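By written order: A, B, C and D. Residues from 1 in each chain.
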């Protein structure tokens, strides 16, 4: 089971690396291995995630304590564990992109961003004509357990992603496939929103 | 014949995937296999189109009923069938990009966008000095048969592509090569138009 | 000699394809094979330049007449021949990018664009402190021999590239290596200029 | 030792090439081989850094004199040597990107740019809540020894990167891994800053 999950997480890591979503060794990923007790594989701290090695992930328990010796778990393991405790997620992804940082900063005062009338929200299983997708935004507490709790408090039954101000997105799904689908859709929606805002601010419609 | 068409469609899918044009499992593709009766291969619903498998496409008849067992055809098969019924298309491609979504939203009220005085419209076989290319835009009806009919109503003899508001482009050609050529040209034209509008709105010429 | 030149041109085509600089089968490339008589390999018309085949290039004479049977030479062969007749170029590249089209449109009324105080002009061998690089811009005549002549008239001893309005760039060098170096530098300079103009128009310095 | 360092530098060059950070043969890289006497491998002048060859790097001494025969060292070797003399760097990278050129131009009058409240500064080992990262900017002196000295004068104990106006970034780390981590983080921060400035200048918050 561990090797299956390892390979599943490695495949996602490879794809996100190809998108250049780990600048400066940022980002961290995890995949749940067992429920009782809760264990998960999480990226080892400080590694270049554009490279693939045999010590990319380390198994941790529900307190984030390493159960294997690949190295130190990511300092943000506490966030992944919070997600597994509050949801039925099987995989959780945290990455930095220009547009997820921008959205997190621009909408920070509102505390969330909501998307509607745009096809890509279907990636979250939202098929109703007037459906909408809301992503909460939390402040970037340097105290990581505090940050973990702040994220946990924002998680409702439909929540699939949380933005941290100037600190990227944490997004999850019941498995790696779904987590990646949610992440790709979020990033498309963020980039689209940035371009739409710029179009609006510049009154582009008046120069068509 | 089916295997030839399968490989042709797989090759296009691979190229569009390399361009990152299937975010969040969005997009769907089809290729006509026979005219009498009308059958086509269409992408199976909900799959990660960045991956390549032996169940990527399913053969369907003129009503969209599966004729092979690879899985459920894309929910938007009805749009592909509408294209084959209204045109001499041999291949139809539907993808989401930031700029095709933006153009579909900005020009929605006008009902279409027209390009002229730009070399790339030659990709549509338009070589006259004053030639122009028009792409209609339809509302994004959640009712897919209704959306299919709305698209069908916009198709005239010269139409090679239709934009759906906030829901990407559907573009076709007599074969996969031509459909891809049209798609690449459309995306270039959309991105170029967005940048030109921004240049105009910002009065860039006054700061040259 | 032909096979060496073929391989040199194929290598450049592969690199430019990787940059996505041939949207919708646009673009054409050539490399000189002999001086007396003048012959060159030029891209065959209408092919998908993202693919590599054994009929990608055809040998032509000084009038553009094919000397081998790979297919019809690009309709714009006349432009390549003009370059070989007016300069000591050994390789000539014509591609469409968003930013070369934008610059060609924004600066069309001025008839040229000049770069100074930016390091990348060194790619053109300009090392003086106050050196500058000028790229002329011509109108996009549908009559290709006329377009060829218009380009020829703009070529001075230092000219290494000409922009055609809304129709990309033609750039050359004494061999494929130098032509590609010039092209890469031009594209960097165009994109940089577009971003600088936007920064200026938006008075970015006032919000630093 | 030389071969280990060669391979380390070649790996970094390959990654930066994949990011398209060597337009028009620009950019140069070095890695320290020994401290006493100071020797380093530096990129050979004028080569296409998107290609990999057995003469990509040449060993030089503390005065920049070649100790092996791969070719002429980069004209900017003097800058790399200045970095090794003023810091404990083991690897130094100089590249041109659109956004590092833009930041160098926009912030030139201020003489530096400072980042705070953005997670990515952690790539520089800055973990404090109110930590900040400052990157000095120097004028682009055509006299390279003068440019080297200007850079040297800006280097303080915490400095890890210097911008040269319209001439890219020079960034270092104790080894190739750290230098690349710093570079990736800088480029993310520059691009993010450009987008934030544009958002501010356009009052995007008022159209949310």
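Here is the rule we use: a contact is a pair of C-beta atoms (placed from the backbone, for glycine too) under 8 Å apart; a residue touches a chain by one contact, two chains touch by 3 or more.
All figures in this text were calculated on a predicted structure; none of them were measured in a lab.
Q: Any chance you could name the chains that touch chain C and chain D both?
A: none
Q: Farthest chain from chain C, going by mean C-alpha coordinates, please.
A: Here the answer is chain A, farthest from chain C.
Q: Between chain A and chain B, two touching copies, which fits better, same or different residues at the interface, with half of the numbers shared as the threshold?
A: Different, since most residue numbers here occur in only one copy.
Q: Can you check how far apart chain A and chain B are, centre to centre, with Cα atoms defining each centre and the answer in Å?
A: Measuring from centre to centre gives 30 Å for this pair.
Q: List the centre-to-centre spacing of chain A and chain C in whole Å, with centres computed as mean CA coordinates.
A: 43
Q: So which bits of chain A are touching at least two other chains?
A: Correct list: 198, 202.
Q: Quick check of your reading of the touch definition: is the inter-chain graph here a line, ring, star, complete or other?
A: ring
Q: Over in the complex, which chain A residues touch chain D? Could you list them?
A: Touch residues, chain A against chain D: 20, 23-26, 48, 50, 96, 98-99, 101-102, 105-107, 109-110, 140, 142, 164, 166-168, 194, 197-198, 200-202.
Q: Write out the stretch or stretches of chain B touching chain C in their complex.
A: Residue positions touching the partner: 15, 19, 117-120, 122-123, 127-129, 177, 180-182, 184-185, 187-188, 191-192, 195-196, 198-199, 202-208.
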